[in-house]
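Below are structures written as structure tokens.
There are two complexes below, and they share subunit A, which is joined by subunit B in the first and by subunit C in the second.
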Partner chain A sequence: MKERIGVYICHCGGNISDYVDVEKVRQAVEHETGVAMARTTVFACSDANQNDMVEDIRTHNLDGVIVASCSPKLHLTTFRNVTERGELNKYTYVHTNIREQASWAHSDDKEGATDKAIRLVKAAIAKSRYAEPLHPNLFEAEKTIAVIGAGIAGMKAAASLADKQTEVLLIEKEHRVGGHTATWGPLAMSEESGSALTERIYNDLLRRENVTIMNGTEVISSKGSIGNFTLKVRKRPLKEGDPVETAEFTVGSVVVATGFDSYQPKEGEFGFAQSDNVITLPDFRHLIDHAEGKELIYNGKKIRNIAYIYCVGSRQTNGENSYCSRFCCTSAIHASILAKKRFGKINNYHLNRGIRTYGKQELLYAESLALGDLYLQWAEETPPAVVTEGKKTTITLRDILSANRDLELEADLVVLVTGMVPRADNKVGTLFKLPKGRDRFFNEVHMKLRPVETVIDGVTIAGSCQGPKNISESVNSALSAATKSYSLISKGTLETEPIVAEVNSDLCSWCGKCAEACPFDAILQQEVGGKMVAVVNNSVCKGCGMCAPVCPPDAINLINYSSEEIMSMIDALA
Partner chain B sequence: MNEEKKIIHYDALVVGGGIAGGEAALNLANSGYRVLLVEKERSLGGKMILLSKVFPTLDCSACITTPKVSEIARHKNITIFTESEVTTIDKRSENDFVAQITKKPRYVHVEDCTACQLCEQACPVSVRDEYQQGLIGRKAAFIPFSIANPKAAAIDIENCTLCGACEKVCPTHCIDFTMQPEQFELHARTVVMATGFNLFDPLEIPRYGYGQHKNVITSMQMEREIAPTRPFNTILRPGDGKVPDKIAYVLCAGSRDASVGNPICSQICCMYSIKQAQLLMGALPMADVTIYYINIRSFGKGFEEFYQQAKGMGVSFVKGKIGTIKEKENGNLILRYEDISEGVVKEAEHDMVVLSVGVKSNPDAGKIFPQGALKLDPHRFVAQTDLMGSPAKTSIDGVFVAGTASAPMDIPDSILSAGSASSEAISYIKQHQEA
Partner chain C sequence: MASKINPRFAEELKQYGSVNFNACYNCGNCTAVCSLSTPEQSFPREMVRLSALGLEDELKQSLKPWECYYCGECTTQCPQTANPGELMMSLRRWLTAQYDWTGLSGLLYRSLSFTIAALLLVAAGVLLFARSTGFDAERLIHVGHLFEMLAIGTVFLVIFVPNLLRMWYFTIVKQKVRVPLKSYFSALPELFVNMFTQKRAKDCDEDDNFRWLEHMVLVFAYLSLLFTTVFLNWFGSEHLFVILLGYLESLLVFVITIHFVSGRIKRNKSLNKFSQPSDWLFVIWLLLMGLSAFLVRLFIDLQLLENNIWMHILHLTVLAQWALIIVPFGKWTHFLYRSFAHYFVKIKTMQEA
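Presenting the complex of A and B:
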């Protein structure tokens, strides 16, 4: 039982103290049983306060520490580490959230917020008194890393890992590598073509002995967790009749770089699939990349007037894809400049929703304006109408830039500037249980603090599978993911949280309910002492507690959440 | 001047201790390399540590920066020099980058200072507080800001009158006017340049009236007014302390404007303005906020949704370029602009105007290397010589660039760029390891 607990109540700048009277909280808890000292602090997480805490642990001989501050998602680890620096067992640290749960939730009721904060801190004190020291599970990590997807991001991640003397498996489901980039001609903001760039990087990979490139290969199952993922892969037959080969590999970490799909317009969306004159941006790129001669010919017709309709499949305020696809304004303008420069006599009309050539890409927009391209802007409520009669395609729109005038223009070719959507094939996401964001792309743990990590330990995300990105942004993200995966396992030994479920095998008689409830497949059926029981795989269990309440004989306990701890917390809250 | 030059060895030199430099240093250190992180200011954290909340998640910036900074400061593989200048870096071989570093005296022994602030109270000299963007004053003996790292007093020797008042009250006797600049010669195997960006100086556009009209402020000043460590307890206009109720934002101030020599888009100002507008709507529920823009560039993950959310909260968006800003006798401001959707020139009155100043390059990066060795782009950012294949590479093999030193970018992109630079730096060290 802890007798000398130190309690810190954080102002969080004003995030907490604007609504919660932190001094009142301090006074309310300082004489609670077991509390040796209680303090308020402006920023508990600041270096200065962390140092003070370590000092306090020593001088006040504390045996337990509580910080009442923000969400444990943000700072549980921070303060556990402080506790450890003060030479206490870090798992005895108790965190309580009075920012999201008291201050922000009750910003309309300061007294109520303060009262709730007091109860939360008292509950934390009750828990802290019973907190037992725990020790992390240590195990050896496999040092090979798998990269799934060999587009530009996957190839760069593999190269970067190989540079760090790591064995790499680069797994690509297509029979060729390079993803979308390999199919592009000249790239915006670069002198190189997409195909030359991918070839350069591919050749660089071929020179490395520690990269195994497996194309035409799909991952069909994954077992285990950080340090020891067992991946089963299947080689797709090149032609019918070839044997289907499967193989198994063990890797320590996985970089997912499965990329994106191009948005496919629906039939009738801006005249798509109703007229041959309406094509998508990728189609247009292929057309100009492969066109020969001095004229741009499409379907046997000379092309003079091209209308580009922007944001197709993106920025749908009330639709499926509410996000901006980020790359497409620049990409469309770049393609339009290419067309104009190569084929002459081309008139470009850009029917946009506000051009987003951010950063240095702005210079492309300026160049296009200088070339005499016309920009018209429409609002989401009044989209342009595309009508084809015979060979003639006419577009009508209300142009914001000319005081909302209704305009009509004729185009030989209509290019739908289609955005990025998440891969329809989500096998990899399902295998690793990767969570998705509102935009349905894979989600990172924290956009700023942990942008390439996922909640699945050991699985990082690179490139556009996390959200729309251009090539150079994808490469930055790929190298970040590679570094993260590398640093996770390069030390060889890994620690996992000791806060896991524990099965009392005397009580268990294997009904399988817990295994069904577990979202992480951490529960296995095993024979122990002559009968079948449930066994928890400690390195997979996340301590979420889903299993405990469904167990009919109450055989499952969650370490660190003993009945004593929970009951005394409930008493304190009441 | 202390004549003795100390010779030191590290695996990597990181120049600049903003979020990009800090992240790069951490990645290197976590992979087992010893890093020297050199920052010219008195605290780590760059611009980010001074921000209010960050788009599009509205996380409190201090709450995510301070622990990161604390992790950097405590890392056993990282040594930090603040108030230090890298004067030159010379590449002697693939493995040997030699940097000359001057560590300026702080006149306070940081290890002994308890940040009790007694010196601050004793000091008779008041000057503008640069960390609060000049909104309030500070003393010549002062703690830079409450979440600065290191958190210790410093003496601003340029403004100090050497009266000795601080020295007398300091309980730990850590103030020491005899401190001298220290010289170091560093040998490192790789270099990461993370020297960040400068804000556009709005005095370059006189028609906006910054510096003349009292209630025209910059976005960085507004950032301070709404930060948790804000200078005042509320939001107020500097002219007369009135709480504003009709606030205007002027986007692209000094960006996308060839007439001030900056034709590129700054990439962050649309979003931080939308963020500030949302925070203002929360803090001053009765206030009107209008954003005057050319295009809204909400292109990142969750950004477009954040923009739509601002519209839903009642922030007005007016597509129009501001011609001039005039001041009325009561301190209010008259904005003359072309309303693009109506095609007419209009005037609007606001009681406070925020200039969403853009991102300019920091010329320091180019100056550190011998004449022209580190190539800059036309905007004087560090040139990325393989933008598509290896965005962190520069014209010098073994020198990598992280964050806004190479181009305007927001925090998530700065962090990814730092990840990329540190990855390349680790690969470079591994490849040039002496057998």
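Presenting the complex of A and C:
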């Protein structure tokens, strides 16, 4: 039971004090049992106040600290650290939110807001009385790292990890490595071919002793959590009759780099699958990368006029792909330049919805304009109409850039500039329970601040499995994910939050309800003292509390949120 | 009806002097800075766009290239150095070729060697004729005078009238402009005001009235020199007033054209950065016309001409090349087409009103 609690009530500039009478709150709580001192402060999070708090803990010999301010999402960690600097256990710190929950929510009722703030602070005091000192859970972490997917992102991630002197398993489902990139000819802005580029990285990986490349291998199950994932893999037989081999590896963290699928147009989408003259951008890349001679021949026909229809399967207002695929404008323009330079007398028509050759790629757009390519722009509501009669394909469209004139052109070949979609095969995502965004690609924790981490500790994402990326962007994210994955386990030991669920084995008789409720697979069935009970894996449990209320005999307690603490808070609020 | 795109048109336009207009990425800066642009009428991006798409019929029916006086603001502001101003210039050349029923304009614009051959041919004709007269000065002056009158009449009837009718057909009839006949009369002031004052040019480039002024003085000097030589028979006249008038006019012509030529050499404005052979030919021959006429009359007054008949043959050659090549098929025609374009635009607005 704490007896010397310090309470800080924050003005938050005026965010709180404009509606909540902070002085009244202070007076209302300063004589509560266990409160040694209560203060108001203009900005609790300011350096000056933090230093004052550390000083107060010493001079007033405090044993508990409460700050009534903003959301704990913003400053819980800040004040836990202040408490630690004052040489108290940081888990005894109690945070209460009187900004979002009182001043902002009740800006129309200052008295009510103040009254609510008083109750919230009193509840915090009640909790603080029972707050126990806690210590992070420590356990050993395996220093091997698995990279799943050996496309350009996966291979670069593996190479980067190998530099850090850690063991790397590079697991690739296909029998060959290099992913999409390995199938491409000259790349935009570099001229090196995709196959040469991936080959170069592959040869570099082969020379490294700490990289194990497992191609033709699938991950079929994953158990455990950060620091200790057990991956079961299966070697896919090269030909029928080959034995199916399986193996198990333990790794500390995982980089997922499973890549993308190309959007496959629906039948009839801009004439796709109905006319031989309509192909996708990957088909066109393949065509020009493998063409021989000085003429571009497709289906035995000389190609002179090529129409590129952009944003096919991307930027759909009503379809499921509302995102921009980023790489396709550049890729289509680059391919059109390659075609024009290699084969004589090609006319390129770019039927776009606004060209997005951002950054240096703008140079390609300029080059294409200089070569005399024609750019026509259509709106989503009036898509180009592709009509094939006999061998002749005619496209009509309403061109925004010519004051909505209806224009017509003849094309020998129509290239649908298709974007990226998530892999149809989501086995890896399912194994690790990776969450997906609205675009159905894997989702990071925070787009800007934690761009390669997932909510699954120890699993990072790299390359286009996270969303459309070009090669540079994929490699950027791969190097970032590799470093993050390594940093998670580089110490060899891991710390996790001590706020987890604990099961009272005496009361538990395994019904499985808690395991069903757990979103993290942290509850396992185990034999303890001759009976089956539920056991919590501390390294996986996030302390979300989903299991506690579903337990019929009330055998589960959430550390830091004990029934004692919660009940006393409710009493204070009432 | 959807209009059919023709990307090959850009190649054709290049022969008329267009520079890099493909680089346009349709930002619209040119339209924003153009003093001709209104919410209803877009300059000059619309023309750039139609040219890129190769919509020849629409271009042929447009009067917009003639409304532009090449202040060069669009070219200065273009982030892609697509030179929209120069595109408008090349469209004027292209339109001149479209209006010309003989097709010679197009040939002269597109082919420098054809132009040189034509100039040489005319020069040879003059020399042959001079030889047939036995290089007799008096007879040469007399025939030169007759030639001038004949040439003016013929070029007007055989070339200009049909070409202006074609221009009218493309821009008024094809555009389905229907106005009562009296509109053609009430719009006439627009024709003459623009023909003789280039009023619109003054509005285009507010900062530089000097260029407009010297161009207008040149027009008046040239036209009155023509009048003085043809109808007042300057070379044969004994009236002091006529003689002095001719001196003044020819002096103005060659002094102003020297200034224009030096501007084209220095390339000190957007409008003279990309001179085509047709531009050089026009200013240089105008200069030579003024200068040689001035010298011929000077030689007459100093009584040197009898012994320096080559001076007059030179003048006659320049005159013949001017009257047979540059006036009917060359840049001279912008004098007519521009003013008629303003006239037709006025007529069109009458229909809309």
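Following the convention adopted for this analysis, the second predicted complex is superposed on the first by the 451 of 574 C-alpha atoms of A that agree within 3 Å, B and C clash if a C-alpha of one lies under 4 Å from a C-alpha of the other, contacts with A are read in each partner's own complex, and residues count from 1 in each chain.
In this text, a contact is a pair of C-beta atoms (placed from the backbone, for glycine too) under 8 Å apart; a residue touches a chain by one contact, two chains touch by 3 or more.
Model, not experiment: these values are computed from the prediction.
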item	value
Partner chain(s) touched by A:R176 [first = subunit B, second = subunit C, both, neither]	neither
First, second, both or neither for A:K341, with subunit B first and subunit C second	neither
First, second, both or neither for A:K391, with subunit B first and subunit C second	neither
Partner chain(s) touched by A:N404 [first = subunit B, second = subunit C, both, neither]	first
First (subunit B), second (subunit C), both or neither touched by A:S472	first
When both partners are placed on the shared chain, which of subunit B and subunit C touches more of subunit A	B
Partner chain in contact with A:K531 - subunit B first, subunit C second, else both or neither	neither
First (subunit B), second (subunit C), both or neither touched by A:A370	second
Touching partner for A:R200 - first (subunit B), second (subunit C), both, neither	first
Overlapping contact positions on subunit A, where the subunit C interface meets the subunit B interface	355, 366, 401-403
Residue numbers on subunit A that touch subunit B, as the complex places them	12-15, 42-43, 45-48, 50, 70, 74-75, 78, 152, 156, 160, 163-165, 187, 189-190, 192, 197, 200-201, 315, 317, 322-324, 326, 354-363, 366, 400-404, 437-439, 441, 447-449, 451-452, 466-468, 471-473, 475-477, 479-484, 486-487, 490
Footprint of subunit C on subunit A - complex, ascending	347, 349, 355, 365-366, 369-377, 396, 399, 401-403, 405-409
Of all residues in subunit C, those that touch subunit A in their complex	1-5, 7, 10, 20, 22-26, 42, 46, 49-50, 52-53, 55, 80
Residue numbers on subunit B that touch subunit A, as the complex places them	27, 30-32, 54, 57, 59-60, 62-64, 66-70, 73-74, 115, 146-147, 149-151, 227-230, 256, 258, 263-267, 295-305, 308, 319, 340-344, 377, 379, 384, 387-392, 407-409, 411-413, 415-420, 422-424, 426-427, 430-431
